[in-house]
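There are structures below to look over.
One chain, chain A, links the two complexes that follow: it is found with chain B in the first and with chain C in the second.
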Partner chain A sequence: MFGFCTDPSSLDGLAWLACYLTTGKHMAIYWSVGTVLLLLAISAPVALAFGFGAAAAARSRFLPLAWLGKAYIAIVRGVPDIAFFLFFVIALDQAFEWLRHKVKCPDWDQPIRQGNDFVVCADAKLPLGNAAQWVHEVYGFSLAVLTFSIVFGAFAANVLYGAMRAVPRAQLETAEAYGMSPRQSFWRILVPQMWVYALPGLSNLWMVLIKATPLLFLLGVEDIVYWARELGGAKTARFTDYPHPDWRMWYFFALLVFYLGFTKLSEVFLDRLMARLTHGQATTGGEAQRKAA
Partner chain B sequence: MKNLLIGTAALAMMAGAAFAESHSVVRLGTEGAYPPYNFINDAGEVDGFERELGDELCTRAELTCEWVTNEWDSIIPNLVSGNYDAIIAGMSITAERDEVIDFTQNYTQPDPSAYLALDGAEVDLEGGVIAAQASTIQASYIAEMGATLVEFATPDETVAAVRNGEADAVLADKAYLQPIADENADLVLLEQDVLIGGGVGMGLRESDGELREKFDAAIQSMKDDGSLNALIEKWELGATF
Partner chain C sequence: MSCWETIADYGLRSLGIGERLLPRDNFTLCQQVTLIGSGMLWNIYFGVLALMSGFFLATAVALGKAARNPLVRKPSEWFIFVFRGSPLFIQFFFAYFLFLSLKGVSPIFDPFSAAWLGALIVLFLNTAAYSGEIFYGALLSIPKGDMEAADAYGFSGLARFRKITWPTMLRLAWPAYTNEAIFLFHATTLVYFSGFPAWRQQGDALYYASYFADKTFNPFVPYPILAGYFILLTLVVISLFGLINRRLNRHLPQHGRARLRIRPNLIR
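What follows is the complex of A and B.
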């Protein structure tokens, strides 16, 4: 990257390090930090939406809907994350391709499963075989986001379901006494008040979600853990201009610092949010705020 | 949730329709962690013997090829589920793998495997602890020999295990271990070599006979005009054809 990097073997100290840390391969690990942040930025709100939907469904008086919500929560929470991740990404991918195959190639006469092979017509491939590499990467990433959202959505649903039940019954009775319909009392009374009960559980989930991002590596997305392992491994001079012994420890240490810093930042933010949500609530926290003021 | 799933599926279909042309790009899957066969170079690109070989084969077979890296552990499952079209990752041809996928003819000779150990260490190959990469021919060889096998996901970790004393020696392709032994004074290759496997070939889906024939013919033409031997010598892979 820098002009003086043309012959790394003649460099030492900081100059060598500057060149080493800016190789094309290192750029990949910096990009992957972005990937992780993007994953969090997308899957956290989507998971929250899934959770909200499922919690609302589980409370529904329409029984099939309530069953659906409860089944989703119970099944996803009960299955180990890793099993779910490995299953879901393959299953979703094949389900999409199967659907497309049915739509696009109705006159295909060969079986889709041929022994071990999963064969759909070329038009049904997802992404298409001739699509650019970035399309494949975006597709893989989207599958990962969807899987993360489904898994964490179930946990969020359980938290929100509990939070909705924690809102004092008297509040809802008062709303009914004012003549609000169930829908009105849900949106105007229940939802604004439940967040304060949900936040401790949700902030826990957020921490777990941050720590779960290395699972991306399991899903075939080249994330920071993949690159830390690849870059940290011992390199011989025949195949690189920057030979070094096994440096995985340093790379993993950097990851550790990154994750710790990130969770610390989250904690500070969540504490502030909690203080704000507690304001004016009929909880011990709200009461303490009122007295202090 | 259901709506979202259906929505995503619909979106995916529309996105696909935009560039629905013929299936013209062949995606080559490799590991990218096994020099000199394949590795990621400083620029972050796939490099090595198989990179040059694969590019040449694609030129000869008149195919447009694209390189993809994948974990070694899941390299076969991802091929059969169609994430790429061929494996070119230093994969030895074995009867066990041949049941699941198809191979082209071999493009290297059966490569001797070698043991790498700490200099001066007394290694008991029959009863000691030997490291190997998981799901390799070397791993199954050690398991059959009766020595204690420790498996690792990447080749690099197997060597690290010898260094930190977790394993007495590592068994891997000699072409991979040779440069490591050359550059590290504390590591040596043991004298005995082991001959396992039927040479390295490209792996393809069993339902993809047409592509297999194309690559087979291209490999044959490289064998015939000696360009394959030149590549093997350039990357120091051992015996030529």
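What follows is the complex of A and C.
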């Protein structure tokens, strides 16, 4: 990275550290922070959309749809989430391959589960056997994003369902009295008002989502946990210009500090947002703001 | 081999009693149910011990955070912030490697790098921080009238804390604390995926479930079994905590009793 890094054995102290922390491998760990942020950026809105859909479905007057929504909310509760993460990654992969198999190879006559193997025809493999490395990585990452979205969608649905019920009943009755159809009163009255009730739950959920990102490691994505283990492990002079003993503790300490900073930052931001949203609301928070002013 | 023999062989496998080798092929449903159930022993061990020990530290931390003296308050606030602000997964990794390097300093630290003690300590501190925050919130929401009544009766110091403050705090915190207990049992599944080695393949329920899923490449059998066990465990926790809740609220009018609202759904 720096000009003086050309001969590592001549370096010492801070210069050594500066060179060590900017090797090609370390660039990979900095990029994987980007992976984490990308995961958050994609899965948070998708999970919110899933949650909104499920919460709306659970309120539906069409019973099977309401059951479907409630079952989705209920099924992710009561079971450790990490089990869902491990389950969905394999299950989704197999489901996609099975669907492609049904479409692409209709005249395949062997069973798909043969003993301990899951066999689909070569055309249905995901990603295709001859695909480039980056396709495999992108596919793995999108499976992880989908898994996160499904699991956190259920949590968001739980929060939004509660928020929808917290909107004062009189508001909806007034909407009906004005002759609004259920669809109209849902979109024009209920949805704009529910956010202030949903925000405490959703901000808690955001914190939990941040703290769940290291689980990407278990889903087989090369994320910061993977690189911290790889880079921190003892290195001898035979394999690298920067030999060092087992530093994994310090790498994980850095991750700990990174996550603490990230959650602290989110907390400050969400508190401000909450203060803005409660402004002028007929809640205890809004009343306290009015008195303080 | 009948199912009873399987249970005899593998029922206590997670503790190292019974057959040494795990089944390698031709997995039967009975084998999966037995081994995953045997792994549940570890989840219960971690959960129960961390919860019981964490309870006391949580009370201390909550009182510390509510204290006026900054020498007590600041450390409590930082303790809660550090353990609630970072992922448990990373805490496990950090603690494991910390204990691993302490091992070089003194052989006293040998057992700490094994899961049964090292992971238990992390879980203990973690649950103490989370429940400490819950208890702190409850401490702040004790009705002012209760404390005034205690003053009027001449309670002060330790007697006031033991007879008035502490029971009221527990009563108010109990629904949230029940959720915390359920999360904690769920969090125990992370232990064997975060650095701590499963010595001689003696792991927890999720360890065996993922063993079967890897071997059979079929996630649709072991994970639902695991889910079933955890739903059972959750129900047991809810009913036990419900009994305590009833006792804590026994002096209140029957219809006005706070009902336990269970929302066990978040990880950390």
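In this section, the second predicted complex is superposed on the first by the 286 of 293 C-alpha atoms of A that agree within 3 Å, B and C clash if a C-alpha of one lies under 4 Å from a C-alpha of the other, contacts with A are read in each partner's own complex, and residues count from 1 in each chain.
Heads up, the rule we're going with is that a contact is a pair of C-beta atoms (placed from the backbone, for glycine too) under 8 Å apart; a residue touches a chain by one contact, two chains touch by 3 or more.
Source: prediction; values computed, not measured.
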Report task. Could you say whether A:L273 touches chain B, chain C, both of them, or neither, answering first, second, both or neither? Result -> neither
Report task. State whether A:F118 touches chain B only (first), chain C only (second), both chains, or neither. Result -> both
Query raised in the report: Counting only touches as set out at the top, which of chain B and chain C does A:D246 meet: first, second, both, neither?
Result: both
Query raised in the report: Looking at chain A, does chain C or chain B touch more of its residues?
Result: B
Query raised in the report: Looking at the overlay, what does A:V33 touch: chain B (first), chain C (second), both, or neither?
Result: neither
Report task. Classify the contacts of A:I42 with the two partner chains as first (chain B alone), second (chain C alone), both, or neither. Result -> neither
Query raised in the report: Of the two partner chains, chain B (first) and chain C (second), which one does A:Y72 touch, if any: first, second, both, or neither?
Result: first
Requested in this report: Would you sort A:R100 into first (chain B), second (chain C), both or neither based on which partner it touches?
Outcome: first
Query raised in the report: Looking at the overlay, what does A:G24 touch: chain B (first), chain C (second), both, or neither?
Result: first
Requested in this report: Applying the touch criterion given at the start, work out whether A:T263 contacts chain B, chain C, both or neither, answering first, second, both or neither.
Outcome: second
Requested in this report: Could you give the residue numbers on chain A that contact chain B in one complex and chain C in the other?
Outcome: 90, 94, 115-118, 229, 246, 248
Report task. Spell out the residues on chain B that touch chain A in their complex, using ranges where they run on. Result -> 1, 4, 8-9, 12-13, 15-16, 19-27, 32-33, 35-36, 39-45, 47-48, 64, 66, 68-71, 74, 77-78, 80-83, 85, 100-101, 154, 156-157, 159-160, 163, 179-180, 182-183, 205-207
Query raised in the report: Given the complex with chain A, which residues does chain C contribute to the contact?
Result: 25, 81-82, 85-91, 93-94, 97-98, 100-101, 182, 185-187, 189-190, 193, 206, 209-210, 213, 215-220, 223, 226-227, 230-231, 234, 263-268
**Report entry** Touching residues (chain side chain A, partner chain C) in the complex
**Finding:** 76-83, 86-87, 90-91, 94, 113, 115-118, 154-155, 158, 204-205, 208, 210-215, 217-218, 225, 228-229, 232, 246, 248-249, 252-253, 255-256, 259-260, 263-264
Query - Residues of chain A touching chain B in the complex - result: 23-25, 27-28, 50, 53-54, 72, 90, 93-97, 99-100, 103-104, 114-120, 122-131, 133, 136, 139, 142, 146, 150, 153, 220, 222, 229-230, 233-234, 236-243, 246, 248
